[in-house]
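Look for chain A in each of the two complexes below; its partner is chain B in the first and chain C in the second.
The block that comes next holds the complex of A and B.
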């Protein structure tokens, strides 16, 4: 046993989380009235591999808990138990429970077993409720591990009858009935009879030598744990018909076994997940581990370390390898050219360089693609959320997902999840009305929440749409006045009114509900999205529903930039933040209070700042009308920024300025231009704050100089 | 060299005595300064940097060092010395400076590179220059070939204020 299993732990966790996701998804998809076999099988398989994995790695708490879940699932799968809402709910909660157990284990904490115990007893009561004693006996066990063998031998009735009809392909899957029987014989000390049936045997000519045409009836006359039999057939259960029935012998003994069982269950239990002997080993290993851990046990509630790995489809890797290959060819071609170069070969050099440029760009694109993942990773958690929230609120809601395969950067994805949860909760809580209200409004009782994602001009657009009551303009207006956000006399366009919900401290919910309406929310959503260089807008129609549109850059590493010149410096504005650029016209600029410049832009007044003043750049005096005002929008406020000249637009790679230097006010990062020089990226959202303090800064800078 | 060999024989000797440190030295206003050579990444000629708005006057700006954005500091400015024109001998020493929050790369503009010296740690003398505001940048003084070399405490330079 020299293999260090801990090296596989990360893989186990990842696979288990995937399994849990699959279970959750399956459960949500399932039609309770008529469960689809395939779906149940998927759920069962997921649970089964989690159980197997956690047993292998010695996470007995998880294995133990998963086992009861699996037992119940197995009954549903085999048709012995009908699916109902309460089982479904219980299964969903247990998925959560398993997930939190795994998360705690991953973080290196001792898992909190109280919920698991609670759920487990619920499972057991269901399992015990209306099925044969044999079923419940499978939960038996003892925590001492060492005694488990004897204890297990005592459970069970008079014996079992096993009807075993394998698929003809059984042998091809590497399962050997003879060995299984031998194992059975070991367990029951040879107290069994095996009857082989030749019913399925074809004629000699029609026989495939690799197929198994036999089937068996096995009668075990020793009272052993049903679970041990299950275990032997566990691996073939998908490829065979296995029916295990308890021999109806002495009724008293069956009752006895139930009593014995109920006494057992009052003591803490350890599942007999693996064979008793192995269990003993694992239990002792776990014990050792725990005792070794005890002296230095530090109870920290740390969150599990964020998984830093990423799954990349093999296609992407292949195309990358291809491109690197091409790059190497181009490089060697150029190398050859350089060895004996003369002027006549300039043409070929230029061709080679063009090819190099092409290759490099392609390579960059495909490397970026590696970080791109389908948005379904985010979307997949919403069916559960919608189900839970709508049930708490007694609303009927359909969730429609589309565009799940739209890809976006992993970092963006990680950060967009929470804002989306918030928006969806809001839609359900405030948007969709109660069924009776909907019915009386002539709408179908079931509300719809639509989630949609698509690409649009280098951005990803996420749409969250509901067909609820829509935003209540009057109430928002009223509330904004109450909260002192606007003046009573202010008259605002619809758009402006809707924008108010993104103001800090704004909530329209009449009552603070469990879900939303605490007055923190939309402003946080907006801020989170803004921090990703994205934007959010809302439109709504009373009675018809509302629609939130989130626009995000595909990646955080690249930005579409507008290059501008100020004096001799080049700065970059993120293109998304620019509303328009206009030629400066002195007559359109008014001085308010002698200092602040204001630009009259059609029907609104926009504050104007000079970038050279904000950034203390020396510029030569030029005619005013040669200058350009770039109108930018940040947090719903427009602002004019005076620059000397607009240069080109280009995609720039964002580099950190803080890594080796410090955070600079008004600058969000740096980039490297085509000629190798550095240009700074303007932090548009920081400009308004900066323009307020810039006068002081300039003064202090003068003093220092 | 003799001492080093002797000490190698006796492993119980204190590590401090065993080592000499290598310092890269450069000139600034007639004085010779030294920086730990292990921190030196490269030495490059002075080329213009992109100025960073509203930063201290001794920060000349940032440059692109093979894809990394690196600030360039004028050591004369940092020491409040007079500002000469940058000439062909003006060089930028690129330093990778370890400090309590990790490491940072920065370029330091100096007048001219001088030499590399082995300095036994025990020979480094602490100074009593007292209230001098540049004292925090000084690690110690050492005599090499009868002239003084000022050794710099690099971690102080990455604290930008």
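The block that comes next holds the complex of A and C.
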């Protein structure tokens, strides 16, 4: 039987990444002075599993490297070695190294072993630095599996004699002599004799029924590999007297003499008759051995697995199954109703349909929940980041995490990691001051960065807060003027000034440091978040710190939409972006700068666009005051959109236009409505750009006028 | 066909072991640590226990000791899956009542060959 090991690779990778995360987390929370045993055990187990798995699945490079890591951890675990900062650092780097080795293997590349080699020699020099652990450093690499018996590939010329006297408690370890003899018979094709001795048998009263008082002498008359015999007795060698001697020409006498002895002492002679073993079984063993030769070969066959998977808790699956069960009941109820339907049963039909709707909605919610994962998956990478960055900068920083169990969609989660890394780096690099500066400002030397996540009205909110110096309003203002983002006379509220940091090409850092300011600015952060239909806000107080608030939809697959009609077409606005909808009133609309319409909304001026003009939809000319203006807000700017009619609100499933058709400006996706027609979802954040109107342009035009 | 209890905290190892054993026609019960294995073992008897050594909650050595306390597991073969080929780990296993060991890494064929030693 041959088994393709590559089918387990995906699980192995996932589990190893999890193990590496656990190691990293454990290392970070470890108190070097007094490490917690359970934490060290967890770290050790993770390394141990990775080593075991990588060896088994043919990733020997990983196994070899992990072995030294494990050996060191084992010494720490058993108390032979004290944990210190340099070991901790080395272990953390090793986690990275193992991760990248695995990633390269997963991608189907040959892993780059230079770092592993370098680290390995560092481990070895630590391990060899004192004599004690040297012994354990040398073991484990071999997979022969037998160090209790020495390797001996000699083939006995004529056969062997085995003298086997087990300890009386042998059976209690689950070892069974008859099984061992049967195996011996297999390897020597039944060319053996077994003689049982009762020498040790006590009197009946002194006998423990669970003990084994027998001993055996076995004569094997076939020339076989000595190693095979050793293997059979490998597990009992410590619990038994096993003497294996090679039969020479005259060695037959050994068994003969024993036989003679047993007859002489007139004890009844019992021969264990060994059952003939089916030839087939032997053949299959030989076959197995042949297929087992090269475990690495399997690896090359596998293509790099691209599909990602998620782990779902049993609860969620159970509720899903439950839901489907109910759906089936409703379906059969409706089916029955349909078989002999008459008008008197309309009431029941309606009830059934309501039930169906209820089931469907619940099912949808449950399915969505499967994609939801706790945000701790993202948060967990930050303790390491904060540690590394603060060490590089010589700053003292505590990271406080809360709301780690807040759940959000996996896709959103995957995309929010990088923007968050950037924000946190910024907070540490630019926000938190050096310890001496903090001390002189009367603050604790250790700065704090807080990460928090929670749900708020269908969104997930992520806060990143630091108690550093805060944003420097004057400098941002000045920089914005230098960069030509605003002109000198412009007077802006604090909020507007802070918002400037999200403009492209904006950096207040005096020097481009190693950490932030690598050309990826806050504008990219903002754009990434906007692409997730989310928003980011910043507030700050000089000397007290800054606070970034990211708001994201829980999922990208479903949207609460407002359906609107323009001519014959139906468009959908994301409900979150709508501020209000008002009846169009001609007197409130002014023409500015010749072309643009602006709406005077209380004391604000809001640019107005007509959806029919934007998307070239033919509409019947109707009276102006029958139209509706939907006021939407995007990136802090308001905008009025003229439509013909407001229809219902409903949850819509977003289908990608890009995947199925192509990217269309002003449209973020499409959905299929209940009647089967396709409705387009308006990309609210793209509207100002598309229409060439924005508050800023209007404001300046208004001032000019 | 034997009934085998396979215990390992690593899902990939467990999958590999189970797949191999099932492929050879055996009936397999899975557990991810000693506690779970002991719970499963109490309700039934099996022909063989294969257990990892390093596991959270209850390790393989402790599991082995506990199983030997149960009347139905007094003589049941218990094999430890271990990467530690050093003598003292094996001795620890033996003194806990383990029948033998399989040294990791092993491949499916080695596994089947080894369990043949104790099934039969």
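We take it that the second predicted complex is superposed on the first by the 474 of 705 C-alpha atoms of A that agree within 3 Å, B and C clash if a C-alpha of one lies under 4 Å from a C-alpha of the other, contacts with A are read in each partner's own complex, and residues count from 1 in each chain.
Heads up, the rule we're going with is that a contact is a pair of C-beta atoms (placed from the backbone, for glycine too) under 8 Å apart; a residue touches a chain by one contact, two chains touch by 3 or more.
This structure is a prediction, so every number in the text was calculated from the model and none was measured.
Asker: Of the two partner chains, chain B (first) and chain C (second), which one does A:617 touch, if any: first, second, both, or neither?
Answerer: first
Asker: Is A:667 in contact with chain B, with chain C, with both, or with neither (first, second, both, neither)?
Answerer: In the superposed model, A:667 contacts chain B only, not chain C.
Asker: According to the stated criteria, A:657 is in contact with first (chain B), second (chain C), both, or neither; which is it?
Answerer: Only chain B; A:657 stays clear of chain C.
Asker: Kindly classify A:32 by the partners it touches after superposition: chain B alone (first), chain C alone (second), both, or neither?
Answerer: After superposing on A, A:32 lies clear of both chain B and chain C.
Asker: Give one of first, second, both or neither to describe whether A:183 is in contact with chain B, with chain C, with both, or with none.
Answerer: The second partner, chain C, only.
Asker: Is chain A touched at more residues by chain B or by chain C?
Answerer: The larger set of chain A residues in touch belongs to C.
Asker: What is the contact status of A:235 with respect to chain B (first) and chain C (second): first, second, both, or neither?
Answerer: Touch status of A:235: second partner only.
Asker: Can you name the residues of chain A that touch chain B in the complex?
Answerer: The touching residues are 569, 614-617, 655-657, 659-662, 664-667, 670, 672, 676-680, 697, 701, 704-705.
Asker: What does chain A use to touch chain C in their complex?
Answerer: 1-3, 5, 7-9, 11-12, 15, 41-42, 44-45, 48-49, 51-57, 63, 136, 139-140, 142-148, 171-176, 179-180, 182-183, 210, 232, 234-235, 238-239, 285, 288-289, 291-292, 295
Asker: Hey, which residues of chain B end up touching chain A in the complex?
Answerer: Going by the criterion above, the answer is residues 49-57, 59, 61-64, 67-71, 104-106, 160.
Asker: Under the touch definition given earlier, write down the residues of chain C that touch chain A in their complex.
Answerer: 9-13, 15-16, 19-20, 23-24, 52, 54-56, 68, 74-78, 81, 83-87, 90-91, 94, 97-110, 112-113, 116-118, 120
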